[in-house]
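What follows is a set of structures to go through.
Two complexes, one shared chain (chain A), two partners (chain B, chain C).
Then we have the complex of A and B:
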């Protein structure tokens, strides 16, 4: 059965729709509650893990870009591992940005509607209409900036999604019906090819998380247990780096072969 | 009926694919016919329907999606399995939407295809196989 990833421009709406879709379909809901388990497994402070889902690295927050990236990689690896089980509605874990190229994953974007959101801000924060508009624009800009920093893709680009629902036109009950109805389409059903793609993506993410423990700037691809790691190093460090990567990557379950491509790190030299 | 061999049609313009897969699929006692041209395969299908059609997508004259559509128009109960070296999400979704039973990217192990055929066979066995 398909996997449904729901994201929205307003967190509360995203949570509410995802919960209703999961209930309607009898699927498990995977959301930020999973972060506590991930934090324990990877020995990361749970609060910090929650924080990285919405913030970019900053000296003020004592979070280096390397730590931030490594923590995101741990979340990505665990989320992908859970998705292999199928029958899941996923929300709040940025999966819409890294679970790509899988035909049985339906990526849904909910647009909460500008007027509704601004009205909410005015009511909740007691701001003037003008200030609420600015506040909303800043929030959208922040999310766009985060998605670009974390996964080099713009979450506000609607062409990324399989289904986009505007709550200004479709009410939440209709939205849930639309999503569950679309999930029944044959095109979103599991097939051998899509399961293999998901397994490859999950394995690459596991290796990536493992390697980011000890080195920055790597790119990992996987296919049928064979893993290709692309990295940069000074010429004199190439051999050592290749050996380290092969040793570390081989410890990941499911890896049968590791190939390392090292590009010359001109900047470091 | 339950023990009757399956009739499998294998279409791929690369001769090596048929040569490699035919013996692997015949191991289970099923009857396998291979074709390198889609048109000839469809003409053969008109003479006698098959339980399972395994077809490549990218072929000259007629592509795998067209074969899928024509086969299902002739025999709704035939299971069509798509194999391709040019798999994309879009093509995979199109194939499934148009009624493909499964979709697998090349290269694959013959055992992978046998696994899919086994699943197709289970569904078919609940009905009747095509008689020779």
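Then we have the complex of A and C:
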């Protein structure tokens, strides 16, 4: 029951390949449709949730960095929770950036090929070749900027993926065949340990989303129900902050123990 | 008749993958022997060619253009070796040296840093810290080299058709994927693509013969018709004319040779 995460440099290609892989393997497809449910559960405007998946915080859009992070944390927590069920092809939810270190998760990147993309832009937008090239470069730069801002990692970095397929020369049908073939490999099969790692990741994400409601800048790790929260505070506020974090974190299902490490916030003092 | 280039970081098992792919497809496997060929053909010390393809150009080299000359020699030798097809090249910078050629399957093999460190520790009997430093230095040098000569980052996914992380997938899996991708329609050679490879070989050879004295030139070739682009508006200087006469005599496959000056170099020129 491996999990396949598919990301691409062009949304349409990503959707089409993910759908084909899900159909071929008989897996469920998880995509941006779940954002509506997440929005309802966390009382966020659905339009806003859709927007944060592609934009960085901006005063012009009336979205603060804190709000943006909190919304992203909600998406991350819900996506990880859904992934626990297994047999899933996930697409369009930036899971390739935060689901890491899980052996039964196969991270696949599809590249649509520069020449094909530029040709598409020329046809769709009626731009000249030069302008289409600029448009494409700006688009890629924007995605890179977003991934760095959201998860401090560059999504164009090869080492993030188990498999990267460029459709410049490889046909989409062959790409689907390669992905489904790879998913069958022994190393992507679910193991007790990999399930435990995924459950820990999901729990940490849930606690993170809960705490970001009331405080910025925290780091959460989880292991077998024990949660470690790392944060910053002024010396005089340390006790109060620890108590608040413990109170909030223990309300999350699955948390049995909370440990808080508070570093002195020199800047604030 | 496909051409496969396998690029990898040091100690990423790329060599083993390349050899097994070549064995499975019954292709010829080539690597650093291209450097030796280039040394013999262009009469350059092997150490200089090795440094040209491995180390990033220093400040002085950027003005001397010596590295450009050496790269042109290596490129010309490599393109001539792959003209016949059915080749797996796993030497340095294959995806860049064969840039512009159609039907080349460009593969990148990546491996986790820890795994690479463990290979070096076992092989060279050094500490993990030293091994890590060695690998990171090598990666940095590769990045600088690619950036200074081609303006690209070797980690950029778009440079490759297929990139495989060897950590979770085994060598056999990687070999399977590459062999499967080598059978893809887009990689199969056509008459047109075969001609393009031959033309590229001629263009690279002309460039290699001229680059020493004329570092700022670009060459294209189409069906044996060679166009040489220079930055100066009047390219018909005595020195260049004499060289061109030599080239006409020495290089086979040239039907017609023409020079153009003062215009922008075409993007597909070598």
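Here, the second predicted complex is superposed on the first by the 269 of 269 C-alpha atoms of A that agree within 3 Å, B and C clash if a C-alpha of one lies under 4 Å from a C-alpha of the other, contacts with A are read in each partner's own complex, and residues count from 1 in each chain.
Just so it is clear, a contact is a pair of C-beta atoms (placed from the backbone, for glycine too) under 8 Å apart; a residue touches a chain by one contact, two chains touch by 3 or more.
Just so you know, these numbers come straight off a predicted model, no measurement behind them.
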### Query
On chain A, do chain B and chain C fit together or clash when superposed?
fit
### Query
Who does A:158 touch here: chain B (first), chain C (second), both, or neither?
second
### Query
In the superposed arrangement, which partner chain does A:12 touch: chain B (first), chain C (second), both, or neither?
neither
### Task
Report for A:184: first if it touches chain B alone, second if chain C alone, otherwise both or neither.
neither
### Message
According to the stated criteria, A:196 is in contact with first (chain B), second (chain C), both, or neither; which is it?
### Response
first
### Task
Answer with first, second, both or neither: which of chain B and chain C does A:101 touch in the superposed model?
first
### Message
Counting residues of chain A touched by each partner, does chain B or chain C come out ahead?
### Response
C
### Overlay on shared chain A, then closest C-alpha pair between chain B and chain C (Å)
5
## Note on the structure
Contacts of chain A common to chain B and chain C in the A-superposed view 103, 185, 187-188
### Summary
Listed in rising order, the residues of chain B that touch chain A in the complex are 87, 89, 92-94, 96-97, 99-100, 102-105, 112, 116
#### Entry: Residue ranges of chain A in contact with chain B within the complex
101-103, 185-189, 191-194, 196
### Task
Can you check the complex and tell me which residues of chain A touch chain C?
9, 103, 106, 109, 111, 114, 156-159, 161-166, 168-171, 174, 177-178, 181-182, 185, 187-188
### Query
Tell me, which parts of chain C touch chain A in their complex?
103, 105-106, 108, 110, 112, 155-158, 160-165, 167-170, 173, 176-177, 180-181, 184-187
